[in-house]
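Inspection log for the structure reproduced underneath, given as structure tokens.
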Amino acid sequence: MMASLGPHAGFIVGAYLAALIVTLAVIVWVWLDYRRQRRILADLDARGITRRSLRQGVSESLS
Amino acid sequence: MVHTGGAMRRRMDHMRGWRAQLMRLTSDNLACRRGGRMVFTGVSFAVAAGEALLVTGRNGAGKSTLLRLLAGLLPVAAGRVGWDGGAPDQSVGEQAHYVGHLDALKPGLSVRDNLAFWTAWNGAQAEGIDAALAALALDGLADLPAAYLSAGQRRRLALARLVAVHRPIWLLDEPTAALDVTAQAALAQLMRDHLAGGGLIIAATHGPIGIDGARELRIGATIGAAA
Amino acid sequence: MPISDFANPSKFLTLVSRVLPWLAVAAVIAFAIGLTQAMQAPDDYQQGATVKIMYLHVPSAWLSMGIWAVMSIAALGTLVWRHPLADVAGKAAAPIGAAFTLICLITGSLWGRPMWGTYWVWDARLTSVFVLFLMYLGVIALYWTAEEPSRAARLAAILTLVGAINLPVVKFSVDWWNTLHQPASVIRMGAPTIDPSLLKPLLMMAVAYFLLFAALHLAAMRNEILRRRVRTLRLMQANEAAS
Amino acid sequence: MSALAALYWRDLRLAVRAGGGAAIAALFFLIVVALVPFAVGPDLALLSRIGPAILWLGALLASLLTLDRLIAVDAEDGSLDLLMMTPMPLEAALAAKALAHWTSTCLPLVILSPVLALLLNVEFSAMPAIALTLAAGTPALTFIGLIGAALSVALRRGGVLLAVLVLPFTIPVLIFGVAAANAVIVGPAPFGPPFTILCALSLASAVIAPVAAAAAIRHGLE
């Protein structure tokens, strides 16, 4: 399936590898950030600090 | 000078591990020049262990300047600051806590990390940190970044240094500013304990700060001499 | 789902948690198809197999500019329509845009290496993408230094719009400064000049890239909303302790 | 030692944090180096010849200009007062802060320099040499900048004043840094002598600067 990559194969593989690395880096960063925010929120929730709007069902603001 | 139970103090001293048996801080004819003008001259007072001195005077009289001068943060224009007892090799500033208007807190660090840094910087044991936070009712906010604290909470965190690190002399610049009633009561209790333990307090203030038997030093109006 | 529902963060979060998995799967499938097509596409008569780098380089170039457009629309949303989620969208898109611009730069440099004999030749097209990369870093730096989200939002929105206005100026001036890169072969007034057999995988990869961006952007926006909730809750924690 | 270590780690953490100075200095370095080709033109031969000089100028400006807040931040929030009220000499504290700044700000510049060398068409063989000279020379820049930071705190004026005050002192570092870097590219001149002088400059400034900076702060007390 892989057509021969010719004399400059190194650069082609290099380019695809670099693209893959940067993409994976972004995906991992987003995923870790998500987990970190969830952990902090869970910790705050455990301390009983919940959003007042949840408690009183007030219309949602960005908080 | 009033002795408040020598035995009790010696036990407290031993318990606190101070080498100081009896500490006296004296100043005679102190003068300080700041910003090109002579802020005050001829200030003399003597404070012994277990005593508190309230420095009063109108704004700009030099109350804060006197405290910074005692802390070694300002050059002495004239006169002398003397102390006997305590650690002869250390200057007054190295044996004193100074709580000025600024709280010396980093917004990026958490409440606990801020206090932990100052404890480590002064070479004190880390065990005292949580007790100090609890003493100022800050234990619930230990992990909160200092940026989120209110002025009163920041003030209490600054005061928590007094508990976390043991130093005989407390130089407090309007300690009750920004504190609510409960915090002021807690501070008064801390000060009483400190005095009972043989410490000294010199506080610049406008009114009483809840410790009885404190003498007053008025500066600025006339060339104040301690009563 | 009326558009106004997007304005409500909680509804948006539930929307994200529903849509995100599908978007991710779609992106993976699109990449699989695109990559296989790219591998089977014939080589270019001049460059030989190195043309295969184009399938990474060109879509990421389109996307780097497309994401700035998304940020500009978000900036208008923040400044003009006061849409609460607009700034969240702008702030979430900036790092992703910088990442795709970086991919474009790296692949462009590697693609040019065989032809130019060196990794970086300051040719016009790559240089304007490089300036765009610097602009992305500027917006990210602004978000870093500003503490308070709503103030940062307005400032970043202004910077983004200034950037959007500046892009054509940069493009023109860099072109004038040096033109070495082959003329824009795909986006031409007329039909694209490259052979359809090369074009099909290119468009497929472009779709794959877009789906990847959409998934990452929604996930990053979710993170940003959670981050602001943490900030609000921490403020509440301080206030409740004080009272 | 734990007191100085605590100060070092505190400053490091604050600098590396998102809003801290480290990332901004790296971006400044990137942008300054990227600007030169636009001014000089895309002539690769010329760029590769002046590459080391551009990298050195960029590193010098990036490390100096992020230094003026080094002490001012502590002065403004009251930390400087407390840092001075301990048996620990102020010189040691300032040296620890300077090292924290070097680790958080200058080290990333050294690591970033090969990537930027690509932009300037610098040969691969020269990249490690440039990184090495930067690693040896930036401590001198940081410590010289420390003096400037202390002066700008005492004078209560921040910003570019620091650069104006101390830039003349950085000239020897620049000369020997670029000379050492060029020695690898241009060739005839040996790499050794300029590099050792550069290291000597760094060591000397590591001793002189904290003393001078502490003196500046003490005399600036108001």
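Points worth noting:
Chains here go by letter, A, B, C and D, matching the order in which they are written, and residues are numbered from 1 within each.
Here, contacts are C-beta pairs under 8 Å (C-beta built on N, C-alpha and C of every residue); 3 or more make two chains touch, one makes a residue touch a chain.
Note that the structure is predicted; figures quoted are calculated from it, not measured.
With centres defined by CA atoms alone, the chain at the far end from subunit A is B.
When chain pairs are compared by their number of contacting C-beta pairs, A-C comes first.
Between subunit C and subunit D, the centres computed from C-alpha atoms are 34 Å apart. Chain centres here are Cα means. That of subunit A falls 49 Å from that of subunit B.
With centres defined as mean CA coordinates, subunit D is found 38 Å away from subunit B.
Separating the CA-averaged centres of subunit A and subunit C is a span of 15 Å. Residue positions of subunit D touching 2 or more other chains, listed in rising order: 19. Counting partner chains per residue, subunit B shows two or more touched chains at residues 140.
Counting only residues that touch two or more partner chains, subunit A has 47. Listed by label, the pairs of touching chains are A-C, B-C, B-D, C-D. Interface of subunit B with subunit D (complex): residues 34-35, 68, 71-75, 90, 93-94, 96, 98, 100-106, 108-109, 113, 116-118, 120-123, 161. On the side of subunit C, the complex with subunit B involves touching residues 147, 234-235, 237-239, 241-242. Of all residues in subunit D, only 18-19, 23-24, 27, 30-31, 34, 37-38, 41-42, 44, 118-119, 121 touch subunit C in the complex they form. Chain contact summary for the complex, subunit C toward subunit A: residues 8-11, 36, 39-40, 43, 48-50, 52-53, 56-57, 60, 84, 95-96, 99, 102-103, 106-107, 110-111, 113-114, 212, 216, 219-220, 222-223, 225-230, 232-234, 236-237, 240.
Put simply, subunit A touches subunit C in their complex at residues 1-9, 11-12, 14-16, 18-19, 22-23, 25-27, 29-31, 33-34, 37-38, 40-41, 44, 47, 49-52, 60, 62-63.
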